[in-house]
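This is the structure I have questions about; it appears just below.
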Amino acid sequence: MSDSFLTSPLGALEYAPAPESASLARLRDSYGLFIDGSFTEPHSVSDTVNPATGERLALYTRASSEDVDAAVRSARRAYEMVWRDMPGSERAKYLYRIARLIQERSRELAVVETLDNGKPIRETRDVDIPLAAAHFFYYAGWADKLGYAGFGPAPRPLGVAGQVIPWNFPLLMAAWKLAPALAAGNTCVLKPAETTPLSALVLADILRQAELPPGVVNIVTGDGVTGADLVSHPGVDKIAFTGSTEVGRIIQRVAARAGRHLTLELGGKGANIVFEDAPLDEVIEGIIDGIFFNQGHVCCAGSRLLVEESMADEVLRRLRRRMDQLRVGDPLDKNTDVGAINSAAQLAKITELTEAGEREGAERYSASCVLPDRGYWFAPTVFSNVSQTHRIAREEIFGPVLSVLTFRTPDEAVAKANNTPYGLACGVWSEKGSRTLWVAERLKAGVVWANTYNQFDPTSPFGGVRESGFGREGGRQGLEAYLDV
Amino acid sequence: MSERLDVKKTYKLLIKGQFPRSESGRTYEVLDARGAFLANVARASRKDVREAVLAARGAQPGWSAASAYLKGQILYRWAEMAESRRRDLADLVISPETHDAERDVAEAIDRLVWYAGWTDKVAQVYGGANPVAGPYFNFSLPRPCGVVASFAPPSGSLVGWVDSVAAALCTGNTVLSLLSPSRPLAAFALAELTATSDLPPGVLNVLTGDPGELGEVIARHEDVDGLDLTGGDERGADLAEWAADSLKRTYRPHEGDDPTRRLRAFIDTTTVWHTVGY
Amino acid sequence: MSELGLTSSSTLERVIRVPSVERRPQFADEVQLRRALDHLSGVDAVGVAHRVGKLATRSLKTSTKMRAIDVALSMIDLTTLEGADTPGRVASLCAKARRPDPEDPTTPAAAAVCVYPDLVEDARRHLVGSGVAVASVATAFPSGRAPLAVKLADVAAAVEAGADEIDMVIDRGAFLSGRVGQVFDDIVAVKAACRDAHLKVILETGELVTLDNVKRASWLAMWAGADFIKTSTGKVSVNATPTVGLVMLEAVRDFAEETGALVGVKMAGGIRTTKDALRYLVLVNETVGGRWLSPDLFRFGASSLMNDLLAQRRKQQIGAYVRPERFSGD
């Protein structure tokens, strides 16, 4: 190493601690449920904590069976009395209103989301919240054009949709669920995740501002018990769930027995495939985006890197260097790249799996960042010398942990990418278009990103194959899940 | 002149383009509408299910990758073969008094033609380009979910059976079909015609046997991706629940279903993004 | 946590492995050179834009911002390249370069004054002892369309007149038509003619158009001996852009790792605001690290940028916005 590299005449740039003000969140001390157009009195409250500090943000209500029942009944009334028969053009205008209100309150929502989830403000500000607004905007336009969506001239809604969403993109998942359901003429009961109820409750206030008729959307917070009450409620016609494959199986059993319509968006173990001719610098950024975006709490994360053997060392070296540059820390700081792990339980799971990776003989490299001493944190980590039998190559870690495997031929790359019961998303990196399309055709995945990763858009259908679930969210295809067609 | 003695046909299974007996050696009697003996039919075992799924899985990549045009040609060819055997097929339809066997066959053939025409339309009708807000070319392609197992309608309706296999076939899936236990003959005869239709071995596999015995085996087989419960009748909920263990796509017919519902049931949309720039 | 700037850059320096001895490769012929260029990995323009967009949201600490403004001032090649240039114009530019803000003697001087070869001597005279270098565009700037002998004479004259730095233009026509050997040889010849003067090689990225070309031209120039690679002449419609900057910075980073040679980058044309300049410094910081945050390895070819930096500098000091007229119009 040249000595000249160690000394800079003017030193390095220091970034500002540029935190968004937590007070922008305007949090209340405690929250009730949003049922029939208004908030109930809080009861049976639990803490929701800021994972970056471990401190309590607010109290939220764990909805009881009676609460869920009230919400479903309210949704049924609203469906039959108001929403189902409202002209699509009127439903559209409500959705446009919601989209605009999300835009207007985007800063507040970004701060709330970052506080409750632990993800960097840069992501909530630039990804989660704008995309949530865009989803409402997109589906608003469908509400009066359903007959042109390709499912017959006058498709009917299904009725009351029970929707259970995860903690990794709380508001965005709410938008993915609510917007197409409402556009199609359904009414909804939405159950946010127990560790991230707050942005959905702000959304409830937005629905109030939008003057959405009471009962069209009901929001019941709570844990898995509330979720189970919702999906097994006999008044629910359609169940939509995003979450783990294990819970997905249970819900499919319930729905199968009851004959409910069902869509599932579950886990994944996405392969990011890098060919030797790939644009190297963009590959490194793509790998980083693929696994460290949202702390790796992404069902479609590129958690397996499949790199052509001839360039594996080079990619790994550059990747490690890049990982050392990631700024891990205060999620409210605008310069933060990687935020906090969402919960103690998730941190324990990540820790357990990475320890298994080390025990199984994979080589671990963790970024040299300094982690805060309170809250839940995990340094960006990459495992090399991983074989397909290792747990870290097979199980969804749902954290900032990448497993690197190598391949020699396109066939081998495809075979390894598909060697998982999951099938949500994959990446392909190459400058050779014909091969990229050849690989894309053979990947068992609902989404294939070529020379990019983790891109989302309301017009673009998203969803899995095999054990990553079924049904699509986004695009014209996303309407099918909420129409009786 | 003495009447010529019929040469009776031995009904077997269709697995990987071949016609084996059940590995178990078991058969059962199929009777006509008046209760008279018609044939001994193979009674498939769990192992036959396993073989049929293996065959379907093996044929999957090839059938899925075959051009939509070729798939259409093959399915249409199957209809052509059936057309020349209309009378034979009608003779095998074991129908209740009110049912018109010839009409059932004619409709079944017409339905095959309908599906043959879908092969190269599905991607256009259910896929498409998506105008994402960024420098990406983004397109969605409907793709087969993989291996589909279907339970034929117990009525023995030939058109019902065609629905239960051809919808999955024309979208690129490979199929394991369990026939109506009491009325399997016409469907099996129609399936046999695939041997002269260039349908690659393993794309359509047909079993006869006891749905009560085999239903659970099929529904819980992890390597079956989709389940058509048309003939699931009262066991439908059980089968659907077993299917949940491996997150299968399931289709259960409803009154007044649009026929495209079945077509869409075993499609998974894959969306591909590619950067646009230089 | 928030003070990571230093940590991240020093980490970057730790992990960039630079051989202690400079080792630039030799090429036997054009075929070999072309193969070497073809061997460079491609560039995905969308990915580059995505990365640049993310880095554009970095915000600097207030105390750092003041220092960054000073760093940016010290990186400026204050430039006048007009047909109407006169000794008088050069004199006032030199005065401004030496002392950009006469009211505040702590203001750093510019890195260089950049003029046409016939005005080098004037500039030299006004800058003696100031530490501000004299740079000159030579080689039939800006088109580069002259016989090699003329270009070399142009360079020799500028060096003879006292230029410390020569900004040459490559033959874009030759590059685009695949005559990369000719471009290489031209640079080698100009480098020899420079003697002790530093050579900045202008790629004119606005005419190379694609980022793949920018990357190849960067490597070609560095292999041929460039001390700096520079984006633009400022005379075509597309000048320095952040995406081009990122690709060039990645090239010098990789080149340093491969050969041990530290090559500078000069962004020229179209950079007018402090905000633009600081964004480039962030790009430098996150791509090649703090070692390049110095006028010996990073420059801005600009004129109007200086006054905006001065205005922002004053604003940082007094906490209020200032009139543009406070600073000289040179």
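Every chain is named by a letter (A, B and C) in the order it is written, and numbering of its residues begins at 1.
As a working rule, a contact is a pair of C-beta atoms (placed from the backbone, for glycine too) under 8 Å apart; a residue touches a chain by one contact, two chains touch by 3 or more.
Bear in mind that the values here come from a model prediction, so they are computed numbers and not experimental data.
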item: Comparison of A-B and A-C by number of C-beta pairs in contact, larger one; value: A-C
item: Longest centre-to-centre distance from chain A, chain (CA-based); value: C
item: Centre-of-Cα separation between chain C and chain B, whole angstrom; value: 68
item: Rounded Å distance, chain A centre to chain B centre (Cα mean); value: 37
item: Chain A and chain C, separation of their C-alpha mean positions in angstrom; value: 42
item: Two or more partner chains touched - positions in chain C; value: 44, 46-47
item: Where chain B touches two or more other chains, by residue; value: 136, 275
item: Two or more partner chains touched - positions in chain A; value: 451-452
item: Chain A to chain C touching residues, read off their complex; value: 1-2, 4-19, 122, 126, 277-282, 285-286, 320-321, 324-325, 327-330, 333-336, 368-370, 372, 431, 451-452
item: List of chain C residues in touch with chain B within their complex; value: 44-47, 49, 209-212
item: Residues of chain A that touch chain B when the two form their complex; value: 134, 150-152, 245, 248-250, 252-253, 255-257, 259, 264, 266, 433, 436-437, 440-443, 445-452, 455, 457, 459-467, 469-470, 472, 475-477, 480, 485
item: Residues of chain B defined as touching chain C within the complex; value: 135-136, 275-278
item: Residues on chain B engaged by chain A in the complex (per definition of touch); value: 61, 65, 125-126, 128, 130-134, 136, 138, 140, 143, 145-146, 225, 237, 240-241, 243-247, 249-250, 252, 258, 260-261, 264, 268-275
